[in-house]
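Input: a single structure, listed below in C-alpha cells.
Labels A, B, C and D are assigned to the chains in the order they are written; within every chain, residues are numbered from 1.
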Amino acid sequence: MSPTLSNAQTTRYRRMCEMRAFDEACLEALKRKAIHGELHIGIGQEAVGAGMAESLRAADAVVSTHRNHFHGLAKGVEPKALMAEICEREAGLCRGHGGHMHPFDPKTNFSATGIVGASLPVALGYAHAFRLRGDDAVAVGVSGDGGSHTGGFHETMVMAGAAKLPLVVLVENNTLAISVDFGEVSPTETVAERASAYGAKSLRVEGTDPDIVAPAFAEAMDHARAGHGPVLIEATCFRFRGHFEGDPEHYRDRAERNRQRKERDPLLIYEAKMGEAAAEEMDAIRKAATAEMKAILAEVLEMPMPDASGALDYVFAGEGAA
Amino acid sequence: MTQDRTALPLPMIISEAIGQEMARDETILAIGEDIGRAGGVFGATRGLQERFGKGRVVDAPIAEMAFTGMGVGLAQAGMRPLIEIMFVDFIGVCLEQVYNAAGKIPYMSGGRQKMPIVFKTAGGCIGSAAQHSQCLWGLFAHLPGLKVVAPCSPHDHKGLMAAALRSDDPVVFIEHKALLLRKCRDFAHGAEVPEEAYTVPIGEAAVVREGSDVTLATLSATVEHALAAAAKLAGEGLSVEVVDLRSVVPLDSDTVARSAEKTGRLLVVDEDYQSFGLSAELTLRVLDTIGHGTLKQVERLAVPDVPIPAALTLEKAVVPGKEMIVERLRKMANGA
Amino acid sequence: MSPTLSNAQTTRYRRMCEMRAFDEACLEALKRKAIHGELHIGIGQEAVGAGMAESLRAADAVVSTHRNHFHGLAKGVEPKALMAEICEREAGLCRGHGGHMHPFDPKTNFSATGIVGASLPVALGYAHAFRLRGDDAVAVGVSGDGGSHTGGFHETMVMAGAAKLPLVVLVENNTLAISVDFGEVSPTETVAERASAYGAKSLRVEGTDPDIVAPAFAEAMDHARAGHGPVLIEATCFRFRGHFEGDPEHYRDRAERNRQRKERDPLLIYEAKMGEAAAEEMDAIRKAATAEMKAILAEVLEMPMPDASGALDYVFAGEGAA
Amino acid sequence: MTQDRTALPLPMIISEAIGQEMARDETILAIGEDIGRAGGVFGATRGLQERFGKGRVVDAPIAEMAFTGMGVGLAQAGMRPLIEIMFVDFIGVCLEQVYNAAGKIPYMSGGRQKMPIVFKTAGGCIGSAAQHSQCLWGLFAHLPGLKVVAPCSPHDHKGLMAAALRSDDPVVFIEHKALLLRKCRDFAHGAEVPEEAYTVPIGEAAVVREGSDVTLATLSATVEHALAAAAKLAGEGLSVEVVDLRSVVPLDSDTVARSAEKTGRLLVVDEDYQSFGLSAELTLRVLDTIGHGTLKQVERLAVPDVPIPAALTLEKAVVPGKEMIVERLRKMANGA
C-alpha cells in the first residue's frame, strides 16, 4: 500500500501525535505520582507546535511559558530528557532541579519560565545576540493570550520594533487565561492587531490546523530572519484541559468545553481532512507515537530521583558535579 | 448552628471574612486574577463577585503592575482595595507600586495620605519548584511601611484578614498554599471559627503550645509542622513551646523572648530563605532583649539560600518540614 | 485702556506665566541651597499645563511624574504649600517628608511619583473608583515620551481600554528621556498612534500653544467623562533645561537647544501671537506672576525646616502629629 | 606615567574597568538608559559607545523589564551582559528577571546554564528622598543565586567590576551616588588605581583601618564616614578598627568575627534599612562564629525602617553619617 499522506503531512501529523502522546504520558506520570507540583498540559494546541517545528533551525531560540512541553519537542529537545525532568529525575534535562515549568536546554536554545510574560524579554535577548554576532538565527518568544496584557510584552515589542530585531512573538490565543476570558479583558478583538503599535508585522491564523500554521509561521520566521524586524503572530486554539491538572474548572461550561474538544481537536481535524483513505496510515503513526512516549515514560519511571545530598549544588557556577 | 464549620475548607473562611467586611464597608473592593468568576484559584474569594458585582470584585488581566498601582489610586480616592497577587513569587513584576508607592506614601505625604490596601497573596511550597514556592516575607519586611501578615490557623486567617481590611496601613497578607488546600478540622490549632466577624490584632504572636525545654518560633504552615514535631517529641520527653508569630511586621519578638527566657533555648524555623530575613532579625532582637549569652542554645532552621528544587527528594532536603524539625530539636536536646 | 486679550487668553497666559515663575523660583531656591536633591524643571512645557487647567474639575484627579510642578498648579494645588514642600519645609504640602518628586495633595486629588511609568496605574485606580461610585470625574495620568515605553503604560491602557474607564493619559513628548531621543527608541513615530492597540481615542497636538492644547484636552476630558473610554493625548513640546538641574547635557547640541528655546517658548509664542497691542498688558501679567512667586519663595525661605524629632513619624497611620 | 590618576572622578575608573573588560572579551556588552551617548548619568560608561559601537553599548528605552530579561537571554546565547538599572530604587519594575530568572536559572538548570550577568546600579542617599535614595542590598541578598557587591574605594570599584564581569554568576553591583560624585583623591583609602586591569576577589572583606577598642563593620559610602569617624575618635583616645565588607553575598563574616574577637566590641553600620537585612545577618553570623556572650558590646546602626525623608534635617536624623557614627561609638565607649 502506497502512502496517502505527503511527507510534509506525515511529519506534521506525526509531530502532533508525539506532542499529544507526550502530554498524555505526563498525565499518566501525574497519576502515578511521579510529578508532585502543578502541571500544565498543552493538549489541543499541538497544531501550533507542529507548525512551528518545521521552520525552526538549530541555531534559532525558543523561549516558552508554563505550558511548554510541545514547544520543547518542536525545538528538538530530547523527549526522554524532558520527560525525566518533568518526572523530577536525576537524569532529567536539569537534573530534577527545574521541573516541568523550568526546562533549560542550552543545546537546542530552548528554555521556559513559569512567570507569565517573562518569556518575551528573554527571547529579545537572544534576538539582540543574534543580530550583534551577525548570525541569521531568529528568536521566538511564546506567550498565551493572557501574557499579551503584560508589561513585558509591551516593552519587548517596543525594543524589538525600534531596533528591528529578529524576533517572532507567537501568541497562542486559547481564549482563556486560567478562568479569564480574553474577550472580557482585552481592549482589542485580537492580539495581532496590536502589532501596529510596534511597527511589527502581524499575522493571525487558526491554530488547529498545521497546514495553516506552518506556512504562516514560516513567513514570520523568514521575515525576521531577513532582517525586516519583529513579527507578532497569533494562533487561535482551544485549551482542552483545566489550566492546571486538578483545576475544578468552575468557570466554564462542561458541555461547551466538550463540544469544543470535539470540534477543535487538531488531530481529529487533520484526520478528517486527510480522509478515510489515510485512516489506517494515520492510525499507525498515532499508535507509534503513543507507544514511543509510553516507552519513554516507563524508562523514566525507573530512573533514580536526585540524591538529597545534591540539594545545595548549582546555586553558583562551579558548584556540584560537572 | 448545627453545621459543622470545621468541615469548611480554609479558603471558605477567608472568603467569609472578606465578604463580611465588604458587606460592612462599601469602600472595600477586590481586584485580582481569577478572583471573580472562578472565585480564586484556591476558592478564597468564592461567591464574592456574585454577591458584590463585577465592579467590586474585578477579574483582572495579567497586568499586576497596573492593578497593584490601581490599589494605590483607589486608596487615594478613598477606597479600601484588596489586591490579589495570585502567588507571592510574581511580586517581581509589580513590587514597584507595593514598596515605592503604597509603603512610602503615608510617610512621603507627611501623614496626609493613608494607604489602606491589603495585598493578598499565596506563598509556600507545594511542589511547584523555584518560581512557585517562595514565601518572601523577609523581602517585604525589609521594606518600610508595609505590615506583613502570615497566619496559620483558620481562626487567625479570619481575624487577621478582617483586621487587615480594617487597617489604615498597607498589609501584605501571605497565605500558604498547603494550608489553603486544607479543611479547618485538619488544623492542629485554631480550627474553630466563629461565624460572626471578629478581628485578631496584627502584631501579636501566640504561644500555641506550651513547653519548658525549648522555644520554637515560626509562622504560617510551619506552625503545623512544629506542632506535629512537638507532639512527637513530647513522647520522647522533650517539651517544646511553640510560638506562632502570625506577623513579621510588626514582629512580636517580646513574646518569643519571654518564652526563650523561660525555656533557655531558641530555635527559629522559617520556610523563607535563611539569610538576610526573618530568622536573623528575630533571633537578634530576642538576644538584645534578654541578653546575649543568656540562652543555652540559639539556632535557626530555614531554606538554606537555594531556590526551591523541583524534585521531591531535593525539596524535602531544603524545606523545613516535620521531620527536619524533629531532627534538629533532637540534636539540640542532645546538646550538639 | 481696555484689554486686548480675551478672558480666556488672559487666563491661559497668566497660568503659563505663573508656572514659569514658579519654576524660576525653584531655580532660585536651588541656588540658595534650599533644595538639596535632584530637581526637574518644567520650563518650556507650560502651555500643556495651562491647557489642562481649564477643563480640570476639583473632583478630577491628576497623577503626575518627576516633572510635576506645573501639573500641580494646573490642578489647583496651593503654590505656597507646594513651594514649601519643594524647599523641604515643615509647612510644606507633605511636611517636608516628600520633597519635589513626591507631592501628595488629597484635597485636590493631585499626586506624583518619581518612578517613570508609575503614575499611570495610580490614575487607573482613581478612574475605577470614579466609575464605581458613579462620579462623573475623570482621572488624568501624565507621562513623558520616555514613560510610554514602560510596561505600566501598556497594562494601564489595556485595563482602561477593556473596561472603558474614564482615564486620560497625557503624554508630554518633549522628544527626550534624559539623553535618549524618542526617535531612536520608539517603534512608532508618535505615541498617539499606539492608541489603536487599546481601543482608545487618540489625539496629538502641538503642546507649545495653550490655544491648541486647551480645546484638545477639553475634548479628551469630555470623551472620558461621557463614559466613552480612555483617551491617549500626546502633546509635543521642548524641554528647555537639562533633565535635572546640574545635568551637563553632553548629549545635546547647545546651539540647537538655544534655537529651540527661542522658537518653542510657549510664552514667547503666545506673546507674538497676541501681537504688539497686547504687549503691555502681557508684560503686566508676567510681572505680577513673577512677583507673586518671588514673594512666595521669600516667605517659604523663612519657614522652619522639619524638626529632626519627627523623622520617624508617619510610617504607619496614627503615628505623629495629626 | 606623569598624569595624576587620583584626579580622576570615580566614574572614570568604572568606565575604564568596563572598557578594559570589553576590549578583552567581545562577548561583553552593556545595556541601559543613558549609558551610551550620555555616557551614564554619572559618567561611569563614558566613551564606551564611541569605542565599542551601539550594538555593544545600547541606549535603552525606559523598559527595564525588557532589558533585564534581555540580560538573561543574552547570557543564554553565550554573551556576558552588563545591565544597568540606573538607580537601585527602580528595581521594583524589573526584579522579576533578576531573582526569578538570573538568580535561579543556574540552579533550575541543574548547573547546565550559567548566568554571567552584571546588574550595575547606583544606590545611596544624596538628598533625593524616598524613591531615589535606597541601598536595598539587603533585598537582593535575601534572594538566592545573586552575588551582591557594594564597593567603596576607587581601587575596589575597578577590581570588583572586573571580577564581576569575569564571574560566571549574576552579580548585583551597587555603586553609591555620593561616591560617584567624587574624585579618587577625595577617598580616605584606596585612592590609587593602577591603569592596567586587575581583579579584586568577590567575597573578601578588608580591614581598612586597624584598631583595638571596637570593630566597625560597614560597606559602600559608609566606609568613608566610618574612617572619618575613626580618625576623629582616635584623637579622643578611642581606637576603632574599620572593616569594609565590600560584598554582601558572599558575606565575609569571618574577617569581622576575627576583628570583633580582638576588639571585644562590634558595631555594624548600614545605610540600608535596619530590619531584616544585612545588619542582623552579619551580627548573628559573627556571634555564631565566636560565641554568644563573648563580646562586651554588639550594636547596629542603620536606617531605622523609615523611607528616606526629603528634608535635610530629617535625612540627617535617619541616614548614618560621620556624626551619627561618632556619637554612637562614644556612647559605646562610655558603656551606655
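One rule holds for everything that comes next: a residue touches a chain if its C-beta (ideal position, glycine included) is under 8 Å from a C-beta of that chain, and two chains touch if they have at least 3 such contacts.
What you see is a predicted model, and the numbers here were worked out from it, not measured in a lab.
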{"item": "Label of the chain whose CA centroid is most distant from the centroid of chain A", "value": "C"}
{"item": "Length of the line joining the C-alpha centres of chain A and chain C, rounded to whole Å", "value": "45"}
{"item": "Length of the line joining the C-alpha centres of chain C and chain D, rounded to whole Å", "value": "35"}
{"item": "Rounded Å distance between chain B and chain C, as computed from the means of their C-alpha atoms", "value": "41"}
{"item": "Inter-chain centre distance, chain B versus chain D - centres from mean C-alpha coordinates, in Å", "value": "32"}
{"item": "Per-residue multi-chain contacts in chain B, two or more chains", "value": "60-61, 63, 65-66, 89-90, 92-93, 96-97, 100, 104, 107-108, 129-131, 144-145, 305-307, 309-310"}
{"item": "Overlap residues in chain A, where contacts from two or more other chains coincide", "value": "94, 96-99, 102, 113-115, 118, 149-152, 154-155, 158-159, 162, 184-186, 315"}
{"item": "Category of the chain touch graph - line, ring, star, complete, other", "value": "complete"}
{"item": "Sites on chain B touched by chain A in the complex", "value": "33-34, 37-39, 41, 59-63, 65-66, 89-90, 92-93, 126-132, 304-307, 309-318"}
{"item": "For the chain A and chain C complex, residues of the former touching the latter", "value": "149-155, 157-162, 184-188, 193-194, 196-200"}
{"item": "Chain C - residues contacting chain B, complex", "value": "61, 63, 92-99, 102, 104-106, 109, 111, 113-115, 118, 120-132, 139, 151-152, 154-156, 158-159, 162, 313-322"}
{"item": "Contact set on chain A toward chain B in their complex", "value": "36-38, 85, 88-90, 94, 96-102, 113-118, 146-147, 149-152, 177-180, 184-186, 250-251, 305-312, 315"}
{"item": "Residues on chain D engaged by chain B in the complex (per definition of touch)", "value": "65, 89-100, 103-104, 107-108, 129-131, 138-139, 141-145, 248-249, 251, 273, 275-278, 280-281, 283-285, 287, 292-295, 298, 305-307, 309-310"}
